[in-house]
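For reference, the structures are reproduced in the following blocks.
Same chain, two partners: subunit A is paired with subunit B first, then with subunit C.
Coming up: the complex of A and B.
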């Protein structure tokens, strides 16, 4: 800590620089180099806490998970603390099974549908925020932040109540509006209707993030550009596509990227709404990994599935990753 | 209360002398297992939701603390997801010392090596345990748990609603029961019966009644038996029951708690455990005076419906460092006095024939007893435990049939999953 403080100090005030440097115990020739070396180390030192946290909280579990995926680990082995290596058996079992590929396909489609909806609705709400008057903007903002701040499980429980079969508000309203056949409709009875509820929940939860981000992006657009555009005879649509959109593009890419990750790995909501049911038809990859691994107490197989999930996510996001990396390079 | 305490002291005193006689029963971790050596220790017991009435906990704790000088801590667990929880707990270095384990799940745990061998204890206190109920805890010739109590489902009904429908007597056959439910539906605005689509324990009873089992042996391994015509017949009966209910077809009896639905007073009956009546009363005190019980009627008046004999065993964690203390607890909890008290308070079947006198005058137990006589369990094999894991394929089968699939098609749909789970290596 003291090193860091000193480092920052030296950067600001050259006069103080010499004071903390100790008398030359290591030989006079090294003294001139020392401050700049320390200077060079400062960013790494500043990164250290974050890196350490990542390694401890993410890296280590990941390594452990990787090791588990090559083991035959069931309740007996877990309870007796036995380690039974079984090579790539778990991966072979998963990859040659029908279930896994169904789930992958389903997860990809699920992610695509969600992300498209989230980006479309989120962008529209974001643009709306930019056009609204002060008071309405504040109101909408508060609403968005509240939706965003709602804990996952609480939100999921509320949605379960809304769509409950016998006493749910949604069925009651539909019944009142004249759809009497919906009075006792079981939303969690089929794959499509369960997905409808889950997607609605996920979109509702994600829209605030996208909307607020894009609203923030619009505030960076200089007003003069619109004036110039209108002088050149651009209509509403034209000035949107040639002024607003180019400014928003990097934000759109970044949020899409984040949303893909967020939806792909969404576990809490998908599992809590109907536990991947009915008949395991709404299991996405993370839920599948949980049901096979923890639920069926087949921990090694579960670990293998979760590893494959990471690989699948990397493949899906590779396009964006490459773009982001390229952008970084360009900027350098 | 005073008298009970006095009795407890007497019993505790007797216990001390008994254990002094059999004091040399192996060299468990508790050296000099005198009462004082346990001072300062705390024994943790995991009991399931509904198993331990408050009065019983109070009495047993008093007796235990008096005798051993150690503290006793009960922690109540929910059935939902219990297998994962127990597996994790048993793998830890500091597991709960004593656990209540469901009878159908006991063989699977015995096979994991997570439960301590209680064969010696059986020699001391269990020679007169009813063999049929002790059987689920025996694995490869060793006793891995002590049978604790058994219970089966009965019909719990709302007398007021039945009286309103003009029904005078409780039904003696299944057809009479259906007719009564029909009458309730027509003459009152109540839901005749609350039966969610996934009360698979009731369904298991129906299959036993048809003389079938959920799995069968194929060579040296077990496979699904859902395609059996007898199972299909059982499912048809279930479907007929469910047709009198508006309960969700894809939920079990615990989500929402059926007793709490019943407690609202708009349900004619439900099929449940005796203790669920207590849950209903807790939710709505006013329902207490309207509660009635009867045996689930069978095809004919002379033979009631078969039921799933739910039961619980008490096991000691192999990883517990308080083996001797845990055995002390089992000796007290399973003593004639407290085993009898549990039977009396909860209306459950005790682990010894001689204690069944405690059930006299208990309406639930009297309704349950005839069913228990023709009851059964799921196959008591280690492979079975995996089938009960969520999502339980038996439940998926039931929902599929109730949603209009033919039993044969529904059986085909889940067979792969069941067989996969039955073949799962340990």
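Coming up: the complex of A and C.
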């Protein structure tokens, strides 16, 4: 067992620094993995297809997006294949207009509310999983995995049905609970109520990821730490704050960032539930870029919005990666 | 660490309530799909369907283009998963077993690529694909889905390759295998479970993908199931029975694959810290 673990740990060791093989029975002079010019190129050749595919097919659209954002590209130019450069006009139009800043504000609040809820509920459910007995844990796990595995569009459709104005089960329950004005409530009719449905959907979809991984992380906390804490006279709460929480902190930071990125760029659920409606009031940045660019056929302006969104995401992602890399310094 | 009955009651009760909350939407989807229309639009919801009907499934399956879309979705998903697995296997082997200049930078590149905001790049991809006269085709979808799942596939497979004990490979090489042969005969068979688990992420991503097909393929014959499902409810005028049957058909493959591979996948997901 220990051999296997060590094998994993040293997987990143240089190939040439392999443990000397004692008395190879034949071909002794051909030490396997010995450095030669042919071998020196091998890793690069093996990596070439993956790297080429990623750089070309990711980089090309990114560059194209940058170029488009400096072009006047409306239906006329699109159909006639015209390239009309217009400098920073698109950016000026986007950044001086009110709409964009409303959408930015909305996206930030939307992301914040979602991430706080996801992290809070996810952490609590994860800690609950750690406390439960075997059978109850399995039961809750099954529920979480079902929600996790549900394809986005299927989940969105189901939420539309749960919150349907007529025959929707949510309205029925609210009516029964004495909230009679809700009996025929149109959830997708106002901004707040539409957001309520979207947020509930996203939280429902995201909590399993946080909870199950947090539970997995708690199982790796050495028992000795708790024993030491209780010897020091720490009670339940004290050992939670002095052992569990510090141990989970890196995981919680990393997951929070991951959720921020994921919610910030969520397109499918936000778009599929009501296409950004009512009156374009639930558009977040990715949906706004799509509706402006493709829906209203201002491709240049849409590209400018996309570009600004990508820059924002890149900043968040680089923070996230820096943090993760610091944690995994020795693993790489 | 013995807890009183009372101390165990509240966690268990909470667990049951949470289970109900998380499982209910999935349950309600299947329940509605099997219920006769009379029960779906009943004054009071029928919580446990007693009459079971397959008429909604029949309606969904008989909808125009359904089987074309199934073939499209399966083709695009399977091809992109297979392509990305093959390409990633080479890269993962190099990253896990070889030491070379720029290795760390390459890993970071794949980590960065894994977070790429494809949802926000769709306008640029649309223009690129249009300029190459490839709109309404499954080729660009396959190509881009392959690249979407590739970075994660590389990073996850790297972990699985690294987990295969090095001694085995060395033993094979001592016995006269070349490095390539050692890989094919020793590492590859041991990797099979890892490949299965890794393919799960790709499978889910490609099967789920919505924004790109939304913008690229306006021709119904070239669309995939997510797009079809998102328009189903409008097209069928609030026929919730048929809509939920369509949802069930779309969700079922993922639910089955997920449950089959879940145990392996969760550990993989923790390693890669990624979303399903």
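Rule of thumb we're sticking to: the second predicted complex is superposed on the first by the 262 of 332 C-alpha atoms of A that agree within 3 Å, B and C clash if a C-alpha of one lies under 4 Å from a C-alpha of the other, contacts with A are read in each partner's own complex, and residues count from 1 in each chain.
Just so it is clear, a contact is a pair of C-beta atoms (placed from the backbone, for glycine too) under 8 Å apart; a residue touches a chain by one contact, two chains touch by 3 or more.
What you are looking at is a predicted structure, and each value in this text was computed from that prediction instead of being measured.
> Applying the touch criterion given at the start, work out whether A:321 contacts subunit B, subunit C, both or neither, answering first, second, both or neither.
second
> After superposition on the shared chain, which partner residues are touched by A:158: those of subunit B (first), subunit C (second), both, or neither?
A:158 sits against subunit C, while subunit B stays out of touch.
> Applying the touch criterion given at the start, work out whether A:139 contacts subunit B, subunit C, both or neither, answering first, second, both or neither.
second
> May I ask you to decide whether A:294 touches subunit B, subunit C, both, or neither, giving the answer as first, second, both or neither?
both
> A:281 contacts which: subunit B (first), subunit C (second), both, neither?
Neither partner.
> Scan A:80 for contacts with subunit B and subunit C and give back first, second, both or neither.
After superposition on chain A, A:80 lies in contact with subunit B alone.
> Is A:182 in contact with subunit B, with subunit C, with both, or with neither (first, second, both, neither)?
So A:182 meets neither subunit B nor subunit C here.
> Report for A:208: first if it touches subunit B alone, second if subunit C alone, otherwise both or neither.
second
> By residue count, is subunit A touched more by subunit B or by subunit C?
Result: the larger residue contact count on subunit A belongs to C.
> So subunit A touches subunit B in one structure and subunit C in the other; where do those two contact lists coincide?
166, 294
> Taking the complex as given, what residues does subunit A use to touch subunit B?
Within the complex, subunit A touches subunit B at residues 72, 74-76, 78-81, 165-166, 184, 186, 188-189, 275-280, 291, 294-298.
> Note which residues of subunit C are touching subunit A in the complex, please.
8, 11-12, 14-16, 18-23, 25-26, 28-29, 32, 40-42, 44-45, 87-88, 90-91, 93-100, 103-104, 106-113, 115-117, 119-128, 143-144, 146-147, 150-151, 154, 161-167, 170, 173-174, 176, 179, 204, 207-208, 210-211, 214-215, 226, 229-230, 232-233, 238, 240, 243-244, 246-248, 250-251, 254-255, 258-259, 262, 266-267, 269-270, 273-276
> Using the touch definition from the top, list the residues of subunit A that touch subunit C in their complex.
It comes out as residues 3-4, 7-8, 10-19, 21, 24-27, 32-33, 40, 42-44, 46-47, 49-51, 53-54, 57-58, 60-62, 64-65, 68, 125, 128, 131-133, 136-137, 139-140, 142-162, 164, 166-167, 169, 172, 204, 206-209, 212-213, 216-217, 254-255, 258, 261-262, 265-268, 271-272, 285-286, 289-290, 293-294, 299, 302-303, 306, 309-310, 313, 317, 320-321, 324-325, 332.
> For subunit B, which residues are in contact with subunit A within the complex?
Against subunit A, subunit B makes touches at 83-84, 87-88, 90-91, 108-109, 111-114, 246, 248-250, 318-319, 386, 389-391, 396, 399-400, 403, 413, 421, 424-426.
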